[in-house]
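Here subunit A shows up in two complexes: once beside subunit B, once beside subunit C.
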Partner chain A sequence: MATQHSRAAARFMIAPSVVLLLAWMLIPLGMTIYFSFLRYNLLMPGANPFVGWENYSYFLTDPAFQTAIVNTLLLVGGVLVITIAGGIALAVLLDQPMWGTGIVRIMVISPFFVMPTVSALVWKNMFMNPVNGLFAYLADVIGVQPYDFLTQAPLASIIGIVSWQWLPFATLILLTAMQSLDSEQLEAAEMDGASAWSRFYHIKLPHLARAITVVVLIQTIFLLSIFAEILVTTNGGPGTASTNLTYLVYAESLLRFDVGTGSAGGVVAIILANIVAIFLMRMIGKNLDA
Partner chain B sequence: MGRITLEKVRKSFGETQVIPPLDLTIEDGEFVVFVGPSGCGKSTLLRLIAGLEDVSGGEIRIDGRPATDLPPAKRGLAMVFQSYALYPHMTVRKNIAFPLKMAGMSEDEKKSRVERAADVLNLTDFLDRRPGQLSGGQRQRVAIGRAIVREPAAFLFDEPLSNLDAALRVGMRLEISELHERLKTTMIYVTHDQVEAMTMADKIVVLRKGNIEQVGSPLDLYRNPRNRFVAEFIGSPKMNIVEGAEAGRHDAHAIGIRPEHIDVGEGPWEGKVGVSEHLGSDTFFHVHETGLADVLTVRAPGEVNHRAGDKIRLSPQLDKLHRFDRDGLRIT
Partner chain C sequence: MARAVTNKTKAINTAIAWTVGILIFFPILWTILTSFKSEATAIADPPVFLFFDWTLDNYTTVQERSNYFRHFMNSVVISIGSTVIGLAIAIPAAWAMAFVPGKQTKNVLMWMLSTKMLPPVGVLVPLYLLFRDWGLLDTRIGLVIVLTLINLPIIIWMLYTYFREIPNDILEAARMDGATLRSEVIYVLLPMAVPGIASTLLLNIILAWNEAFWTLNLTAANSAPLTAFIASYSSPEGLFYAKLSAASTMAIAPILIMGWFSQKQLVRGLTFGAVK
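Presenting the complex of A and B:
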């Protein structure tokens, strides 16, 4: 099949889509890098002079930057821990034969279908609102002071909301992995005298290792750029308590109208995301081999 | 010790009864083979003994102690699965040591037992590999290794050779028989292959639709099948069955004669040769137009040449003839 000739033809034919995709990625990236070296503020129209690294030094020395880095990592890490632990627990439960499995599965998966803005608004107004929210009502019932989640623990609340959204994804991937486990292996372990916990720890968990890796990699990519949930709930506040890197870039370019610094932040975010990706691939990517 | 008795053991899945009440005794040290066509309940019966399925009624005793309600691990039995069921993320060493680890055995004891098992099964060089890096036969041996380290009262084999190619199967068959010679432990072996049953068993249990059709030694089953089902199932190629007038001459509803008990040359029967299978040591002829049955299979020792379409005469060895009545039972 793959003769010299047919391979050349194949390359020639995929060239247009490759060129298109490259342009699709390279032009925005090039423009972001270009803007990051300009003094480009929408409030000061006129010339946009080249300023070298000024935008970068401005962005990196901003006190909000460090907070944003820490918040980003806490957000990603917190959601990963909750969704993986919860996902494994739910996968184990849903793997059991029981009545109404189909309906329960659909219900477990449904949060994934809700748009991020909508789910954040629902959580903000119907659950976490200190006056009208369900949690405030429950606090009222048992006679304690309602807790103002988004003011007193803004980052933790956002972690909670985002975890709720991503738990179905983790559950789905882990459940399918669980179902691919050969039942004879579990029976063999049972004959070998393994208790239910040992079977989980020695057989099921190692079997899930690859699926867990997939969940961690995919979720990290999406969680690094969480934005909508922050925008509609806390606006990054109070202060910068729930500002992550994405939100900081947004604040620079669209709240302070400083496109130059915003672009510099964007470039910094790309670099940091790549560093995280390299670390992740080093740490857990080996699970994907073989 | 491993004497296993089943008393009135029953199994139904919902409405369908898979195993009607059944009694069976397996003596200590015996190599028992459950054989039957697929869907005859032989694997279910093995899983009932293992404890992987709950009985619907009746009692299982292991060494005289009631084991019906014991969980699988407490019965002191070890099982080798059709898919080997090795743990893919563990090395061979860890796979074999797993039951010992679960039993909370000390490191030293574990190490020595694993090495002894590896020695017996020629696995010493592979102890640090993973199952994925082994061939089918080696995986099979690891599965057996995982069973023998526990020093169980009995081994249960669930069609362990069906995933191997033909040459390897013959080799492993021999290895399992030798293992039984050495360990003298009770073994229960499930297969649908009557050749495996004949070559390995001390005692064969022939099952059909959950019922035990006959229990006996291989040659006993070969010489004295209780009914037509056993007669046709045991022996390869299959026994020829002749109904009608020829059977009537022997006062039977049907007569059975094995291919190896028909002589080619002179004789009362005549037919036309169809396909011949030359095995070197033997030649099998499919003979048509005999007026007795659609086709008769005949074995001639050595190399005998008859071309398709040749007319040959056949004579059955009358003392090896089996007679069956209308219900398929053998007339003695």
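Presenting the complex of A and C:
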């Protein structure tokens, strides 16, 4: 029973959150857009003249930008493919009757709780290092040349590390979705003689469709902003071989101190993220009505 | 008739699942084991697994050389501080939206969520400059502010989905029985809301503890939490695997254990209620 009085109180209770988030969104965003039209370098003090679209044309025609866009798409796409495929397989596996499900579950979700800098450095040094890493040892055992992962295939190596971090997330959500499936339907299908594969393909997979979409959208939002893993493993290199859009903007702004170009890059990143965000918001919004 | 599962099938499932689970967990296990080795043992060829002289030297060395405890406390203060402040701001808002929904409630919720979709790098430059001008760079308070704001939408959403499940009938029954607003809140609402608030708290401490964009860009030696401190190992000198492992083990252990307890809440919190 919402009265006039309680409505006023509700508005009063919501106000701080709204004001804070509004300020958080509008002030820095407005500044980024404003800076993106200025010639503004922290190393060159003095006037910061208005230069129109110059920063954008500079940023967008920079070869590093094209590499960064391709790398960003490969990074997001690669991790999505690995985590969704692996996540479905793991969810099916963990859904089976077995001994010690709880412990296996804990082992599988653990990588998600490891901070990005730790997982990147552990993989970089203790596994992928071409001299002392475990992979080098394994290569030795089977008699092949050790491979210098982060120099020879930097982006693929980072995709591997990030996939290890996000596989638990996909697994956990897909498993949760799978366990909400009505078991009577599966039993009926089994009685009718449906094989394990067709039960998976015709009942479980369609049931998972929604959860898969959610995983894809949420992971994309986070994966577009991968930063720490690149910073501590390759610094975006060699050259720009593992630079993504986030890292490129960071390098422009805080390494080359080019505020104008960095801001233009920031605006590009925002537009890219928004394309994904629109779809995600629509899905969540629909769920809110249900 | 329940589906009969033979022990044989169960044994096969168990074997596969445990193998996969151990493989996925192995990097963490290896880090923990390495933290108890000497630097020489850490790079021994062939690698040693369990049978070596266990030592705690790395833990003391890491503490002595870099004042590890300071960075640990930075992480504690920043993650708990931002979560508690976030909850204080979010609880009234989520409460109001769940129990006194208006025409705009859905739009407000969706708009709040959209602020979370903003890529951090899009506001890196202005925030860095504002922090520099306001003297907030490399301060705990600066990071608490940023982390509170970036996690506020998630906190509000999680609380909202929990509060919405509290049946209104119970509140009305309490009112019928003559409960005042005060006692309604204290004796009826609060006990039902505590589990939801607790899991929101847990998940957000985890997220704040592991946040590695702002903590890396806005801190230096002074207020660096563990995410940023560990990053300093990316330019190593000499043998450092065992020390890296010791520093890493201490950095992930508390959050790993909290994480195990919050599996279920994780799904709800990170999918904004889209998957339950």
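Operating definition for what follows: the second predicted complex is superposed on the first by the 261 of 290 C-alpha atoms of A that agree within 3 Å, B and C clash if a C-alpha of one lies under 4 Å from a C-alpha of the other, contacts with A are read in each partner's own complex, and residues count from 1 in each chain.
Just so we're on the same page, a contact is a pair of C-beta atoms (placed from the backbone, for glycine too) under 8 Å apart; a residue touches a chain by one contact, two chains touch by 3 or more.
Source: prediction; values computed, not measured.
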Inset, instruction - In the three-chain superposition, say which chain, subunit B or subunit C, touches more residues of subunit A. - result: C
Inset, instruction - Name the contact category of A:Leu73: first (subunit B only), second (subunit C only), both, or neither. - result: neither
Inset, instruction - Mind working out whether A:Glu190 is in touch with subunit B, subunit C, both or neither, as first, second, both or neither? - result: both
Legend entry - Contacts of A:Val92 with subunit B and subunit C, given as first, second, both or neither: neither
Inset, instruction - In the overlay, answer first, second, both or neither for which of subunit B and subunit C A:Val267 touches. - result: second
Legend entry - Contact residues common to both interfaces of subunit A (with subunit B and with subunit C): 187, 190
Legend entry - Partner subunit B, residues of subunit A touching it in the complex: 182, 184-185, 187-195, 198, 202-203, 206-207, 209, 290
Legend entry - Partner subunit A, residues of subunit C touching it in the complex: 3, 5, 9-10, 13-14, 16-18, 20-22, 24-25, 27-28, 30-31, 34, 43, 45-47, 89-90, 92-93, 95-97, 99-102, 106, 108-110, 112-130, 149, 152-153, 156, 172, 206, 209-210, 212-213, 216-217, 226-228, 230-231, 233-234, 236, 240-241, 244-245, 248, 251-252, 255-256, 258-260, 263-264, 266-267, 270-276
Inset, instruction - Please name which positions on subunit B make contact with subunit A in the complex. - result: 50, 52, 71-73, 77-79, 81-83, 85-90, 98-99, 102-103, 132, 146, 150
Legend entry - Contacting residues of subunit A [partner subunit C, same complex]: 1-2, 6-7, 9-11, 13-14, 16-18, 20-21, 24-25, 27-29, 31-32, 35, 90, 93-94, 96-101, 103-119, 121-127, 132, 134, 137, 140, 164, 167-169, 172-173, 176-177, 180, 187, 190, 210-211, 214, 218, 221, 224-225, 227-228, 231-233, 245-246, 249-250, 253-254, 259, 262-263, 265-267, 269-270, 272-274, 276-277, 280-281, 283-285, 287-289
